[in-house]
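Shared chain: subunit A. Partners: subunit B in the first complex, subunit C in the second.
For the complex of A and B:
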């Protein structure tokens, strides 16, 4: 059942906040776990963010690769582009 | 022997300050922007009324005809507070410095045809006085405005203007190899040349307006909304096409700045007009006064910039401005 579980873990810092908030907004089905110093998103099948949403939240232009400065770990198959970042597992 | 290190979570009792929590709730941490802006300006317990305006308080919402239930309904979409503003501008400043250094080192301004240099001297350089006037207007908004969300943005805007006035001065010095000829000529043009007088007149009339929101609309929305697209989106690229490519590099910041500045002024108009019909009407009334006035003031300049095509270029930027206003709910 939990074979198709994907997750992303971010540092709980101000730099990561736009990404964390975008993930929360765009993946209402995801389970958000606050752990000491980090935030973990778990979901079945897929997780993803789009650049537009992150930019709106951050108030500036964002290169989605900035995410990797605060991303601790992830699990799933990565599908990424300039405009979105998704992980999936089926 | 095995050592077992277990993570123990110490939950903080609160994740944000009370003054922010009253706005965003106490569950999630506040952003730096929210901490720097929300309800920062004093609203009560003023001991002394200002001596120059004894019927008002030091911070007084009645200094404008615009009425807001909550003056923090507007939030800067760029989320500028001191450090985010400064670091964004530092990045831009660095790239502008590189542009200037490259151009100066290789004497690239020599490649601009003399006729174009002349146009730059006549049309671009005198705008430094416009920028300085806009600086005064924005600092005035910061001084008499209400709500940190708006006054902070106005103050940053004012500082940007000084920067842009300085860039224009540096372009003049670059053209003259550090002689002040163009600077002096541009000042005389601003003060005496017929083509600049209507704009200077309009600008000086905004200095003495009582209502700070009217200044904001006249300066940051109407005047900028016509002048910036006309000069930096049309005039400079037109010069570039005729061999003045270097000018695009020298005015790169101004072009970027205008697009960025639109983001907060648009949002401010939208929030203000949506608050009440009275606000929307008031904004419309002010626009009805300042739009034709500025348009008229720019006719001579547009003609100087684009010769026969001037009227049409001006009409086009006006249409764009009207569309922006309409989109934010301001009827002109």
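For the complex of A and C:
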């Protein structure tokens, strides 16, 4: 059993796409689970995205706080700044 | 032009230095609720919201969320999209939702406004203000979305009135009233941590995914829109716990006691959700047990591992809740099947396909304990003797659920679970060790519980007969009873008959 699992869940919508793709790209060890209407990312210890990657994928400037529009849930300790968003658990 | 400040700086400017030391009145009079629970705060400036959301960003994103949601609601109404749900029996889940959950959102709105006033630190004040506004938004958007269904289905017409009176709604109501009548730190531990952080994923995530699975795009949208605020609230729940534990070691046993109590209180409320998930969704994407494993067992295990360094342990009786996951939804459904004539829901026995799904999801329990019971009830219904329980059940003094749970924690699922405590020479009954512990810790509080069955028997609920009571609940006669042959089912069939005709006409 995993005792430091973290997760993030996004709506499965076009607005969430750059975030979902950035999570996939930047967290290759994460387990990605598709369920009706949503996508869940699970990982041990850490999940994170950087603004640069999300912007590249979206093809425009992004404020990472835009993720509030499509983020459904998360578990872990949040560490957030202009250029990155991470959740961790030790 | 000045350079844009970074996120950390922007958040600091919002949450530091806005407060002031009062001079007309002593500080302890201004924040009069802050000390009586025994919590010690030495330095509010140590509070830091992990989501560094400033007010302008908050309004911008909330407005955007509402714009998206209202666009979906408009198109849902315009396209008569209620016709596209998997089956009208699905709407019963929405009935339970608006009767039992939406009023909690409104109560949360009021309570977080109180917290925003009563907490002495600016960071906490702002987080609670934002949450207060969020909760009001949730209540409004739920009412607005479900109002479309109210035009076409029964049981959705007066949820706030029902919430204050109806027997099964006293389960969520009494939990929330319990938290609301406690001090501000107990309230936030209860609602933000025990309910939102530990358990709310179980309500919103699989259920809303279920709504998506059953073709209800309006509910998916309000659900996920609310849940997008919820990820902020959950983070607040975790932060407040860490903050309290870091402020003073004397806070640790107090907080642990609240976590033990409110975990169990909130878990008992979610018993209703377990039934929604397993029995009220015609197509279920995930069983209660699976959801419990993912969102409680794994998640809370990791969380308490993390919190262990502060001296916290898992909530008491969590292992009972996990053992009960194999039984919970079936036992709650059994209660509702007994009393469908007194609920503003139309429930029926699961069909063959659903029973097979339940067997598959509950291989250790369903065929052994529950399928035979349903087969017997089906046989009785076939013979014109559909079973309705004519008596009124004993309710648990704490969680207020009818005492039909069994001794699963003790490995005896065939034995009803009853506990009894004495207080001031009177006996009080509870359904479990979890509820008994809560009663015994604060008996002076729970002896005042407004128990719907006691109130009916005392003549405080509109009269002595079931129709009198249902009338006092504001139920219409067609709101209750078996789904097969209900007004909802008849109307659903007629809608589809008509929809088919008009399609043919158009062709």
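Heads up, the rule we're going with is that the second predicted complex is superposed on the first by the 89 of 90 C-alpha atoms of A that agree within 3 Å, B and C clash if a C-alpha of one lies under 4 Å from a C-alpha of the other, contacts with A are read in each partner's own complex, and residues count from 1 in each chain.
In this text, contacts are C-beta pairs under 8 Å (C-beta built on N, C-alpha and C of every residue); 3 or more make two chains touch, one makes a residue touch a chain.
Everything numeric in this text was worked out from a predicted model, so none of it was measured.
Undergrad: Given the superposition on chain A, which partner contacts more residues in subunit A: subunit B or subunit C?
TA: C
Undergrad: Is A:68 touching anything from subunit B or subunit C once the two structures are fitted on A? First, second, both or neither.
TA: In the superposition, A:68 touches subunit C alone.
Undergrad: Given the touch rule stated above, what does A:80 touch, subunit B (first), subunit C (second), both, or neither?
TA: A:80 contacts subunit C only, not subunit B.
Undergrad: Looking at A:6 after the superposition, I want to know if it touches subunit B, subunit C, both of them or none. Which is it: first, second, both, neither?
TA: The second partner, subunit C, only.
Undergrad: In the overlay, answer first, second, both or neither for which of subunit B and subunit C A:19 touches.
TA: neither
Undergrad: Does the superposition put A:41 against subunit B (first), subunit C (second), both, or neither?
TA: Neither partner.
Undergrad: Check whether A:59 is in contact with subunit B, with subunit C, with both or with neither, and answer first, second, both or neither.
TA: first
Undergrad: Would you sort A:89 into first (subunit B), second (subunit C), both or neither based on which partner it touches?
TA: A:89: touches subunit C, not subunit B.
Undergrad: Which parts of subunit A are in contact with subunit B and also with subunit C?
TA: 35-36
Undergrad: Under the definition above, what is the set of subunit A residues touching subunit C in their complex?
TA: That would be residues 1-7, 9, 11, 35-38, 63, 65-66, 68-75, 77-82, 89-90 of subunit A.
Undergrad: Hey, which residues of subunit B end up touching subunit A in the complex?
TA: Result: residues 7-10, 29, 31-33, 76-80, 84, 88 of subunit B touch subunit A.
Undergrad: Considering only the defined contacts, which subunit A positions touch subunit B in the complex?
TA: It is residues 14, 17, 35-36, 56, 58-60 of subunit A that touch subunit B.
Undergrad: In their shared complex, at which residues does subunit C touch subunit A?
TA: 6-8, 50-53, 57, 61, 64-65, 68, 201, 204-205, 208-213, 220, 224, 227-228, 230-232, 234-235, 238, 285-286, 298-299, 301-303, 305-306
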